[in-house]
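One structure below.
For clarity, chains are labelled A, B, C, D, E, F, G and H in written order, and residue numbers in each chain start from 1.
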Amino acid sequence: MKKDELRKFLEAVKSGSINVDDAVSKFEGMPFEDLGFARVDHHRALRSGLPEVIFCPGKTTSQVVDIFESLARKARPVLATRATEEVHSEIEERIPEVRYDPVARMAFLPDPEIDEKGLVVIASAGTADIPVAQEAAVTARLMGATVETFWDAGVAGIHRLLPKLELLREAKVIVVVAGMEGALPSVVAGLVDKPVLGVPTSVGYGVSFSGLTSLLTMLSSCAAGVSVVNIDNGFGAGYIAALINRGTC
Amino acid sequence: MKKDELRKFLEAVKSGSINVDDAVSKFEGMPFEDLGFARVDHHRALRSGLPEVIFCPGKTTSQVVDIFESLARKARPVLATRATEEVHSEIEERIPEVRYDPVARMAFLPDPEIDEKGLVVIASAGTADIPVAQEAAVTARLMGATVETFWDAGVAGIHRLLPKLELLREAKVIVVVAGMEGALPSVVAGLVDKPVLGVPTSVGYGVSFSGLTSLLTMLSSCAAGVSVVNIDNGFGAGYIAALINRGTC
Amino acid sequence: MKKDELRKFLEAVKSGSINVDDAVSKFEGMPFEDLGFARVDHHRALRSGLPEVIFCPGKTTSQVVDIFESLARKARPVLATRATEEVHSEIEERIPEVRYDPVARMAFLPDPEIDEKGLVVIASAGTADIPVAQEAAVTARLMGATVETFWDAGVAGIHRLLPKLELLREAKVIVVVAGMEGALPSVVAGLVDKPVLGVPTSVGYGVSFSGLTSLLTMLSSCAAGVSVVNIDNGFGAGYIAALINRGTC
Amino acid sequence: MKKDELRKFLEAVKSGSINVDDAVSKFEGMPFEDLGFARVDHHRALRSGLPEVIFCPGKTTSQVVDIFESLARKARPVLATRATEEVHSEIEERIPEVRYDPVARMAFLPDPEIDEKGLVVIASAGTADIPVAQEAAVTARLMGATVETFWDAGVAGIHRLLPKLELLREAKVIVVVAGMEGALPSVVAGLVDKPVLGVPTSVGYGVSFSGLTSLLTMLSSCAAGVSVVNIDNGFGAGYIAALINRGTC
Amino acid sequence: MKKDELRKFLEAVKSGSINVDDAVSKFEGMPFEDLGFARVDHHRALRSGLPEVIFCPGKTTSQVVDIFESLARKARPVLATRATEEVHSEIEERIPEVRYDPVARMAFLPDPEIDEKGLVVIASAGTADIPVAQEAAVTARLMGATVETFWDAGVAGIHRLLPKLELLREAKVIVVVAGMEGALPSVVAGLVDKPVLGVPTSVGYGVSFSGLTSLLTMLSSCAAGVSVVNIDNGFGAGYIAALINRGTC
Amino acid sequence: MKKDELRKFLEAVKSGSINVDDAVSKFEGMPFEDLGFARVDHHRALRSGLPEVIFCPGKTTSQVVDIFESLARKARPVLATRATEEVHSEIEERIPEVRYDPVARMAFLPDPEIDEKGLVVIASAGTADIPVAQEAAVTARLMGATVETFWDAGVAGIHRLLPKLELLREAKVIVVVAGMEGALPSVVAGLVDKPVLGVPTSVGYGVSFSGLTSLLTMLSSCAAGVSVVNIDNGFGAGYIAALINRGTC
Amino acid sequence: MKKDELRKFLEAVKSGSINVDDAVSKFEGMPFEDLGFARVDHHRALRSGLPEVIFCPGKTTSQVVDIFESLARKARPVLATRATEEVHSEIEERIPEVRYDPVARMAFLPDPEIDEKGLVVIASAGTADIPVAQEAAVTARLMGATVETFWDAGVAGIHRLLPKLELLREAKVIVVVAGMEGALPSVVAGLVDKPVLGVPTSVGYGVSFSGLTSLLTMLSSCAAGVSVVNIDNGFGAGYIAALINRGTC
Amino acid sequence: MKKDELRKFLEAVKSGSINVDDAVSKFEGMPFEDLGFARVDHHRALRSGLPEVIFCPGKTTSQVVDIFESLARKARPVLATRATEEVHSEIEERIPEVRYDPVARMAFLPDPEIDEKGLVVIASAGTADIPVAQEAAVTARLMGATVETFWDAGVAGIHRLLPKLELLREAKVIVVVAGMEGALPSVVAGLVDKPVLGVPTSVGYGVSFSGLTSLLTMLSSCAAGVSVVNIDNGFGAGYIAALINRGTC
């Protein structure tokens, strides 16, 4: 119930066009939950800049396309994660301006009113981690963050990380993507005093356990400053990074 | 090697007071690592406001007291986590102004030059989660964050969470501490668009697996916006929250 | 051995047409187990309304069809779970009245003598959880329960749950189906005083561990009132819900 | 806000003693959550017969006693689980009528207005499982269920179970408590068409893994009809059993 | 119902002292389960030589003593496993002839009518595995097996195993007890064509995981002929070995 | 070196046809290991009746056929496990008398000199467990055991087990094959005093964990008398059962 | 920056062709990390004999070929692991001298200046372990080690290991590759006083858990002298073995 | 049997003082295993420099003292690991020259004939890892290695590692001891081309899982050159390091 409606309702009580008993009944009948919904809804209306997201796996191409089209009518940005080329092509037939990042496997429509601000730095440990890192990068940009990336900075070649120190120090928040032993976030957090978001990836074999070891490493980090998201959750990391970055602008 | 020293050195080369061969030797003998160390060190000198921390378990009382005293001579704030009453008493004999939080089990010396700014909101799901939540609160305050807390907001009584919505929306970052099934961070992240730091606790029994279930729940959250730290790591969550909060001020 | 047969046997003893030694031998030779079987069997004959069920995975289409036809001759309802379209088509050629639910992937023959009574409410957290939830719904209906369902009520959007409170309070038993972090059953059980059956699903990725995290969350629930079945076991949840519902009618 | 208060408020609007603008402001200022709280609270006021419960581990004796006394002033039944003899003695000094079950380790105050109805049957597999089973029994009785129990019916001596078939068939719901390999719930659910609540216990050694194996066994049951609660969660099983039982009366 | 009783019952039917209707009723009223119980019971009466066993952990000393005394009145052998010296002393006060093996931690009363026959060979890999191995040895002897043992034959010193080949080849069944990496059963089964029972022990540290690694090693054995019991289950291994040994005599 | 060869060698020393230095050299050159090998080899020559086995997975069809043919030239029985129809056809082209069991997926050549003796009883809990059970049956028969089987005796229908009691009591050893919750071996071992070999299968879903739950259940059995082999290891169980059975004949 | 370059730079400072301010700027602009990189690089230039390695899985054939060609221009040896025949063929079109080992699945270009020295002995437990063992062998040879191998020396046939004792004693380091129960490294380390590198393989089924059991076994080894690499990591084992071997020459 | 004994035996055959039949019998009676034992024994006699080791946990003080004294009579060095102060004192009463390292918790008698050679470098990540690192250091020194150590070089302060590069490059083998996230071995192996032995420690909390995470990290290392021992196995690492080091001298 919007403020205007409430005012009209109360004026109707005052004027007697609704008598008090009916008004009480109407309040009783007006589910508590709807009031709640209205407030939350209003709140959601304020969430401009947050993407409406479709997680593609488990949906048919035509389902994804329908949902994408439906969201595109209402809001920007729109984002479909883990989208195949085929999904992109089908969307493009209906919405020609849709964009596609084949590395991140994302189809999306940016919000033209969002300017990129702040600085999110995204690093990946190995080349195989790049798709997840790129998913974070695209997500953060869609949500209004300036994003800088560098790949292949694994701890086995720590000297490749050092030239990036200046960049890391300028970041508002750093996303570090790593599979296998997942040690890079610890090293980065030991070098700079910025929030570091660790993203374990399922890259590796044997006791990498599809990302579990990398996850446990990041959570056990001896460096303060590292928080962690689910394995391969590039979208989640980009989303949180953009939230943190937005708070700083 | 500072800039001034470098200039003096190069001028000595130029003036001939050091000949080139000796200069080359000096460069060779000047370990690469020391240069590196110097830069990092300078960087560390800028880390004002970050606590020097002692993790007490596994150290004797006298070891903790010695380290605490040593750190206290150099910097503020100083922080000893998981400190017993006995540890506090012993420190107090040498440093009477030391403070102690018996719930968080922390002994500490604040930095008098730090003002509390921004807003970190810290929520705990159950009463048994309070010590971990309080550890986060003390840490964040020592690092310059204004902190608001509320306890006992578990998802089994979701109505207790709703009155806190306004507070949650004002936060720069939210720390949510929960054991057992650990669902609270998901619920909070679904209600507000702020970075949420989930802290699983070892509270629970049976398949709570000393916090593992709570951890997995938080990482699997269907709500975007949640990143997670190690089980019972209240210090880490408070540290990251303060870093994020500082970026917004 | 039925009562009539027993009577005839004892009368034959009495009349001497079977002498006592032969009768003892016959008793000895008559396996104890058959008596047992008879009683249990009689008991099973009373189990009207419980579906005869075929779990299709691992069986060939023709095996499923043969078993289905065989069961259909003896009893109603008949139910084949995780049945493909192909299985349904093949059954339909022999039993044209067979019905099929493509979402639940179930082929079935209802018992025309069963009326739907009571109320089982079935909720799912995400759209990907619907097939499991629908399996529970079809099962419970076949066993005589009135079933109401609502989908997509995940804890990340708790406001979507609140309008359903009235419905939940009217239920005799509630089935809550959730993958990923599996927090919904806790929230529901915190809101209403009804038995809640949690069904974890294998929906999710990374540390969702194919439903394990959701399962552990439900078992660790801080809300009393939640019991849990195996991952993706929509049939089992529907079966138990119908048993509980039947007890209330 | 109660109905009376609402009526008074609306009458004040009507009479003009509150003008419309102030009324709108008051509504705005009246947090949505409080309305919600009121409804839920009212709802909770209806939850007569559900115990107010204190989980003792992790609380000091004086904390437990204080909470117990506070709850005892407001409602019946009151229940403290996993309570030591010492806790009981301390409570008894203040509330002489408190009762104590040393096997279930529970201190409690029954609700004198509750009559025991229906039938909950509780079985345990081994003697070491009895404390958990007894916790379920006391809980269910406090919530108004007639409870019958039998112990030591493990699957290794299946013949000890068979004489209980008649009792099992009369139950509204059956709680089966088992450690080690946890097979008893499957066997019971194969014999009778009643909802079976499996309670794994931490009894066992080696690969019993403190109840995990028993839990997995129950969840993997080849018998339909078994749902499961957390390891050693006798309280939870008794609570759910009483909810189901109450629905049948 | 024993054979004699059945005969009397049928003769009573024949003679007319019980009429047929009453006989049918009596059969009906005679629970199926009792028949079952009788047969199983008879069967159990034949189980001479199988120990009546008390697993002491979780029982008070007086409970163990009472059960021991009760069993001792009915049968031989009697066996209490994981019994402390104190338990033994208490039993000895009432039953002076009780025997005690302090290594195996067992108190027992042999069956004087059992002669030791066949050959069970029991080997342990390390000295720390001896208590479990000795538990197997005492159990097998109580059940009538001739037992030979040798200790400290770990795979890291395979040459210590070779002098025992002749003995191993004479065995009817071999019990191999090993902690840490648990490789000994594979080696033994590769050398002789006898059934090998592997008993993993909780000896070890780190990734020995309290016997789990040893257990998995034995189950994964590349040598055919190894079956396995639970970790530290010396009693179980001795029991099975004695059953196999008895079959060969 | 056979006894005859040794005698000839020593006679050659005695006669001087080999001088002592050459004899010493020959002994030195005769590797210790070869002596060992010879003894073991002799020992292996006695292992008549033990199958030479090829585990097919991971080998090409032509590799399997070559190995099969090679083994067939030397010994009987020959056995290829987990063999496809194609493997069988290829072998048949070269060895027309090869036999094939499509359920057990085994190609084999029996030893015509082996008579079936004793009694191995093999039971399976569910129909999906039959291939593993049949693998055990074929293996045991090839090794000279009389084998009786019955399928579908799961604990959820315990009455189907009871008519088999007599058969179970006649067995020398019982193999029980079960997936899902794996409770059947416990029940069987509680009914009869025979060695029971539990074979967990990977049948099931969710927390069945591809046989792990069934395995843990069997190892945690509260019934003495159960030992266990690896998941799906029908061959291993049949092999051990035949070893035990052979000892009794 | 090489020594020569440094000397030229300092001479330019001395001669005044670079003034001091510019020199300071140049030093400042010359990132600390580059100095570091230079040293490490120089160090890497000394790493002659260490292969440049491409891990093929997850890369397209054309990606592998491009990287291989690029590395081949700079250095020898070049090594692509887990390379398909197709990858090899494509490389061969551009670099005809490329070699391929189909068992190890490696394409490689040896360094013609490396002579094989020392002795690395590589043993595998089963035939299915050979590809991993061969990967270790090819790697060690490319890095300049003389390599001797023997296959099929599993602990179930320990007599096949004994004839290799002399060879094992001559080795500088021993690589032992084993799946299933992974006991062979323990046995080898018990026989000889050489560093043993255990390589668990994913060979096996059931509780072999894709190599985890073998890994745990090797880590739990009761024989001192065994260190372990990741499951199936033949390359890593060969690499370390060659490093150790090189140190001895 | 030594060569001389063999010669005498064969000469006795030649001379007729032993006839051929007796000689054959003697050979037959002379167990194959003893020949084996002799060779291995001779081999063991060559193992000078390898410590005779007592693992103290699970042994009484007097047991340790007896074994220590017995070993001390035969050989040097002697080593008791995880020995308490009390154990040391008791040994000292009998063997005054025994030495004790309270950090490593080792009591030992060095071999006076061993000179320290080569270079083993041992690094630890955190101060809590020092006891394990020191155990490795003492072990390696007892076995003849020159050992250099440095502590507290965790990846969160990577700059502390860099000044040690020169030392690391001089090492023959490097032992890296780390708990928590265990990333240090990867970093070290990325910097130098030496064999790196990773030793995970049980230091940490939460998902450190008593060293498991550190272990998995080390095994998943993206840097070639790292092999790993069991958690907290400082002795094992020192032992292997000394073996490798000895090969280089």
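By definition in this document, a contact is a pair of C-beta atoms (placed from the backbone, for glycine too) under 8 Å apart; a residue touches a chain by one contact, two chains touch by 3 or more.
Computed from a prediction, not measured in an experiment: that's the story for all the values here.
Undergrad: Going by the touch criterion stated earlier, list every chain that contacts chain C and also contacts chain G.
TA: A, B, E, F
Undergrad: State the chain with the largest centre-to-centre distance from chain F, centres being mean CA positions.
TA: Chain B.
Undergrad: So which has more C-beta pairs touching, A-D or E-G?
TA: E-G
Undergrad: Need the CA-centroid distance for the pair chain E / chain H, whole Å please.
TA: Chain centres of chain E and chain H, defined by C-alpha means, are spaced 39 Å apart.
Undergrad: Quick one: report the Å distance separating chain B from chain C, using the average Cα coordinate of each chain.
TA: Between these chains, centre-to-centre, one finds 51 Å.
Undergrad: Can you check how far apart chain E and chain F are, centre to centre, with Cα atoms defining each centre and the answer in Å?
TA: Taking the mean C-alpha position of each chain, the two centres sit 25 Å apart.
Undergrad: Indicate the residues of chain C shared as contacts by at least two other chains.
TA: Expected reply: 32, 36, 40, 162, 191, 206-208, 212, 215, 219-221, 224, 230.
Undergrad: Going by the touch rule stated at the top, which chains touch which?
TA: All chain pairs meeting the touch criterion are A-B, A-C, A-D, A-G, A-H, B-C, B-D, B-G, B-H, C-D, C-E, C-F, D-E, D-F, E-F, E-G, E-H, F-G, F-H, G-H.
Undergrad: Chain E touches which residues of chain C in the complex?
TA: Residue positions touching the partner: 3, 6-7, 10-11, 13-14, 16, 20, 23-24, 27-28, 32, 35-36, 39.
Undergrad: In their complex, what parts of chain B are in touch with chain D?
TA: These residues of chain B touch chain D: 128, 159-160, 162-163, 165-166, 203, 205-208.
Undergrad: Hey, which residues of chain E end up touching chain F in the complex?
TA: Contact set of chain E toward chain F: 36, 39-40, 43, 47, 50, 53, 162, 165, 169, 172-173, 191-195, 197, 215, 219-221, 224-230, 235-237, 239-240, 243-244, 247-248.
Undergrad: Touching residues of chain D toward chain F in the complex: what are they?
TA: 125-126, 154-158, 180-183, 186-187, 189-191, 204, 206-209, 212-214, 216-224
Undergrad: Under the definition above, what is the set of chain H residues touching chain E in their complex?
TA: That would be residues 31-34, 36-37, 40-41, 57-58, 200, 202, 211-212, 215, 230-233 of chain H.
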